[in-house]
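What follows is chain A paired twice: with chain B in the first complex and chain C in the second.
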Partner chain A sequence: MRRFLRMAGLSFILLITSAGCTDFVEPNQLAFVIGSGIDYAGDGMIEISHQIAIPSKLSGSSQGGGPSDSESFIVVSAKGRNVFEANEKVQRKISRRLMTSHRTLVVISDELAEKMDLNKMFDKLNRDPANNQRDLLIMIKGSAKEFMKIKHPLEQLSSIATNKELLINGWNHYSIRQFMIDYAAEGTRAVLPFLQIDNNREEKDKVHLVLLSGYAVLNKQLKIKGILNDSEGDRAVWMAGRGTFQPLTIPWKEGNGRLSFRLTHLERQIHLANGKNHGNIQMTVKAQAYLLDNTTELDMSNVNNMVMVKKYLDERIQKDMQVTFNSIQQWGPDIFGIGEYYHRKHPYWWKSQRDDWDENFKKINVSIKANILLRSTGTSGGQLND
Partner chain B sequence: MILSASIGENEAYLREQFHHCSDFIIRSFKLKDDTLLFIAYLDGMIRVQSVEENILKPLIMGELPDGLDRLQSLTEMIRSNWLPLTNVQTDDNTEKLLQHILQGSLAVFVEGEASALIAQVQDFETRSIQEPKKEAALRGSKESFVESLRTNTTMIRRRIIHKDLKLESFTVGKYTQTDVALVYVQGLAEETVMTQVREKINNIETEAIIDSAYIEEWIEGNSFSLFSQVQNTERPDIVAASLLEGKVAILTNGSPFALILPITFWSGLQSADDYFERFIYVILTRSIRYMMTFISFALPAIYVALSTFHPEMVPSYLMIGISTARESSPFPTVIEVFLMLFVFDALQEAGVHLPNQLGPVVSILGALVIGQAAVEAGIISTPIIIVVSLTGVAAYSIPRYSSSLPFRIIRYLLLFITGLLGFVGFAFGIIFLMIHMVMLESFGRPFMYPIAPFDGKRIKDILIRYPIWIQNGRNKKGQKK
Partner chain C sequence: MKLSSYQMYWIVMISSIVTTSYLPIHLAVEKARQDGWISMLLGGLAMLFFTWLILKVCKQNENKTLITFMRELLGTVLGKILVLMYFLLWFRHLTTISRGTVDFQNLVMLHNTPMILILCCLLFLVAYCVCKGGLTAISRCAEIIGPILIVMLFFQLFLNPQDMNYKRILPVYADTGWLPILTGTFNSYCYIVDPSIALMLFYFAENKQTASRAILWGTATTVIWGVMATIVLMFVTGPQIASELVVPIYSLTKYISILNFIQNIDAFYIPLWLLAAFIKLSLCLFMLSYGLSEWTGFRNWRLIACIVTGIWLVFYIYSNYNIRLSFTLKSVILEGVYYPFVYLVLPAILWVIGSVKKRRKAKHSIS
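And now, the complex of A and B:
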């Protein structure tokens, strides 16, 4: 017993003196960075704007939640040559230690992407373990700083609001980590959600809603090569294998009403169209469709009608997909991961292509084939007859 | 010393020995044939009615049987079944005689006899058998032990009707002369354990054994461990079940708690109800209990480590919530948790010692002062109240009070080292705890058995309780598998 006590005492002293990590920080000594915006500040400088939660202003659940009258966050910004330097300058303006581990959103402005080397800038976000790699990374048209200042009518912290908006709409493949993986991979190019501030709302205060306006397509050097609009973006994401679910409304033949579906289990498969020719790719997109709205004359309890609808849906999607694909192919960046397909299945051929893939991608001949499974036609068969 | 043949000398000797004992009574009388005799006893310790009916009446009123010479030993005569009592003996040793009188026997002295007749007519007021208070079970026997050793042994005897149930008797304590019984089932109990226990009980050199707890402290292997290596119980059914598992029980006169040994860590976390409810339900309650046990010593430390050392490990919303609640707290989290734990234990200590009528006062004061005022004043933050009360409740979910005590201490130790070092300290604390528990033994049996050392066959009653017939290694029809 004596011996045990002596040993325990000794190792305890050693533990305290040698570890020396008495670095505890009370929660009220921390400034929780919820979102960060990065802008171009001219002269090769960047401006970083942190959205920091004010805990005392956040009403707890006991008071019923919802936004309070006063601001529940502040935006502090500073300029610097890189992310770290700007960060340190922000720190000097704040009485609490910046805590970036709870960040949910990183916003970069389109101007920044054009004028700076994004890949160099992101080193800090990738290398420092204090950064949450699950942060969503989005691009904004205009000033990221302004974006950070926008209040959300529903949520207390607008970064969290944007984060939720993206996730609830199935845009959940755009974390910093995913971005880094895309950047590091040779056979695929990054695509970022592209947001726009909705200025059309007639509100007197600074409450705006943020519109998910599409996707920014980046090339190997992380420069914007094009912006996809909402519906194009949905299709591109599906073809890139990152879609989860999406709504689809198509007009029926000869303008007789519309059919609305919810598409789930979005998949895409890539293979060579015919055995030997490496330049010909066939891409099959698959999904399960649930018919949710039917304003046509069709009685969906009739099997023939179902077959007809499926056929029509396939053709329609196939056509739209092909159009979208071709336009992106014109721009050059392979956001679909076709290069990755070559890399894995035809490595020798890929070696000859990879160095100038953005150009070579344009020469690939891709045909899209759709195969939609009509899972459900809803609970009613025909139309309600008066 | 040997008794004298003179009745006067004997009386004088007894009166001298029991000088100033107001409850000591000597009654002398003369028989019809002029024989002098007296009886001596302690008032209140004997069955008066039985003595009058069975001893005094035949002696004084009754005729002496024919064919017996008066001066032939009267004591001899009485021993020859002329007294209608079950336990009668003679003795001429004064020491033993005194002992017998002290324990409630009646001594009869006859003129001209150098020995006394001792009739065991011991009887005194005892508490009747009541429902167990400390280890209440929803289902199962409602009997609990009482202070009388004999009553207690009969309760066990009634449950194990087998000649192999043995009761070995010891007398311990210079002044208390406490009867201690070592109970075991021959053939099931391990001989090595028994030898150890016998030796340890024989080696007890003490003035007094007031309660079985005294015995426990004397025979415990490692008195400086946080964990008790002897289990105490007031339920005869638990004792019977333990005996049949090959354990040994020690019953102490004057104590309604039996000691059971050797025990393991796990037996402290099992409740009687575990065996009285259907096993599927028991699996649920047991897993809850194990989790609560962990919470009862680790939660305050984990909270401190997470909120002050590793805030990045907490989900964002939760962390912001904690930070909102802690915005105005003047103390560091560790100090706050220490304070609250202290107040909690203080309240508990106060509540235990208060008379029943005053109990609500403590709870009202505690709830108002701590639950509300401290939070509203901004001295204590709400998450800490939640953590501390959950910890406190968790400790109560451990079925045996004495098994929950170690965790109440470990809670403070872990909190201290975690407050210094964060999760590093927590890990070190747990490692030390583990080392200690694995090294601990209860009468030669490893404390963590059958987890460490691992024994797959005996594990059927540890984490989950298998149905009893599987534990016995049989199929439903009772056949050995």
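And now, the complex of A and C:
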């Protein structure tokens, strides 16, 4: 009996001490941060705005998942000299503990990139194990705080909406982790998706759609060197080897109608153009094309027409790509990973180039070649216009 | 207290992989960058060789404990002094691993729980296991935890397919050269596996022949896993990020995101790692106290285990206030002199003396 009591007492003490209850936090003591925005606040300060979900307002699927009348999130922001400080100040304003493990999106404003050292901003994301590095990182024109306050007509939270928007459009290589790898690599420069708030909608207050308007090209110091628009951006990410799928519409010869394709399996390969000359690169872009819209006269059940279309498509893409490439090359940052190609395939030559790659990259001669595989011309042969 | 070969395999594997998944990858990658896997491979092969050598010694003295045969081979005084080296080694394992577990829990999960509470729970559990069950309890726990641990560890390496890019490991050799690769090996080799376990445990093995095979396999599994994990780490993060990660395998589990649905795998990894650390700690404590009891001639090794735990607690708390004492991973004296001595030089000497004695004996019996 005494032995039993002793064991029972011991187990009881162990039960209490070893369960880690000193750190127990109930779910109703947590504030789930879904998105965070970082702005420049002047004077070397930054402002962090957290978009925090209000669990009781998030209607389930029974109501169709649409937004309810009252808002389903709050935005809390605070200023600080670095991310941690601002974060702690936000925490002071909130009754629940901030939890960033479920965050989907981090938004930074273009002003922040211009006026602050971005690389100093991301140390906490790597050092503090409470962060997950799977969230997407994007840049926004204007204020990230405003973006956080946006009410999306379709989704309950604008950050979830944007996250979905990116993924559904195949922009899925822009996590914080990927960004840090690009930033740390010697021969690649980072690109970030660039967003604009679509102000054309004026139905309700604060209800906007957010537009993916292109990409921001950053140099080694993470300063913006240029903004790529939608179609340029598509081509650039394809050449950077990050493309997944994208739509493409091209006018047919002499303005006779248009052809629209869905391009999948985007790839790019880099070689030295001829033997030993390190300054000449040939880049081959590959994809599989599905013809989905045809407003030309061409009867696509005819093999000759298919060959012609493929050839024209190659030429057209080649030309557009070359133009895009040359314009980015003038800016300096090598977002295509050509430096990384040299690093991996010609490491000894690369050592002489890497220190000033942003300048040396401008001198590299790159010619683009396209090789598109026309996989299908859709389920209709000719036109229905007769 | 007898150990079957099956249990031997799991014990050796767990106690090696606990340190491999925690220390050496960072130390190797930090110096050798994308060639860290070569460092790990070289270090692993060296350790396999040490293990093989130690098994040779063990087989020569298969029915004697470490303390007995060292005394017989080297003489009472020298043998007793040199065996202290191994006691020190095991004590160092105790402090390093417990520091890892406790600090890590404080950093990741329990921000407010006092360190001393976590430490005391851990020490109590270890001491209780050793005192109540001895080697039998440890080996049975290892038998259960081992398979789950190894499945988890191998499995999680392949949960990052969408983020893997095999090109990140290129160029091989060109960026670093031999010196950084060997420095990486030098910094990490002593944490890859722990051959000294065999020295002590071989005496308890039921079947000496299969036990030595089990020990070699346990070591080989760990080396293979270590090299694979380094390569996967390179694929996923690339050298620049990897060289900054202090606990790379943990970070690797945090990157996992399958279909945006299976995430936060670290919730499985951490408890399993803690269980494995518990096995390693109990094992070291057992070896230390059993060895000490034979060394002093004081037969109650359970009491010694309790005393050692007390010393361990005090040392831990003291070293906590002395940062230099608690971060000795890259100490040149330890890695250049101490570890080679206990893992290579001492077993080699024992082996040579053992062989000479054996030959002399054989000659005697013939004449």
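In this text, the second predicted complex is superposed on the first by the 359 of 386 C-alpha atoms of A that agree within 3 Å, B and C clash if a C-alpha of one lies under 4 Å from a C-alpha of the other, contacts with A are read in each partner's own complex, and residues count from 1 in each chain.
Definition applied: a contact is a pair of C-beta atoms (placed from the backbone, for glycine too) under 8 Å apart; a residue touches a chain by one contact, two chains touch by 3 or more.
This is a predicted model, so every value here is computed, not measured.
After overlaying the two complexes on the shared chain, residue contacts for A:N28 are found with chain B alone; chain C is out of touch.
By the touch criterion defined above, A:S56 lies against chain B but remains apart from chain C after alignment on the C-alpha atoms of chain A. Of the two partner chains placed around the shared chain by superposition, chain C is the only one that A:I181 touches, whereas chain B remains out of contact.
Of the two partner chains placed by the overlay, neither chain B nor chain C lies in contact with A:G44.
Contact with both chain B and chain C is seen for A:S101 once the two complexes are overlaid on the shared chain. With both structures placed on the common chain, the touch criterion links A:G279 to neither chain B nor chain C. Once chain A of one complex is fitted onto chain A of the other, the partner contacts of A:H343 are limited to chain C, with no touch recorded for chain B. Once the two complexes are overlaid on the shared chain, A:G9 sits clear of chain B and of chain C alike. In the superposition on the C-alpha atoms of chain A, the part of chain A touched by chain B in one complex and by chain C in the other spans residues 22-23, 101, 132. Residue ranges of chain B in contact with chain A, taken from their complex: 222, 224, 307-309, 311-312, 316, 319-329, 332-334, 417, 419-422, 424-425, 428, 432, 436.
Across the interface of their complex, chain A is touched by residues 107-114, 117, 121, 124, 163, 167, 170-171, 174-175, 237-238, 240-241, 244, 250, 254-255, 257, 260, 263-264 of chain C.
Note for the complex: chain A touches chain B at residues 1, 4, 8, 11-12, 15-16, 19, 21-28, 30, 32, 34, 53, 55-56, 58, 60, 99, 101-102, 104, 130, 132. Across the complex, chain C is touched by residues 14, 17-18, 20, 22-23, 101, 126, 129, 132-134, 167, 177-178, 180-181, 184-186, 340, 343-345, 347-348 of chain A.
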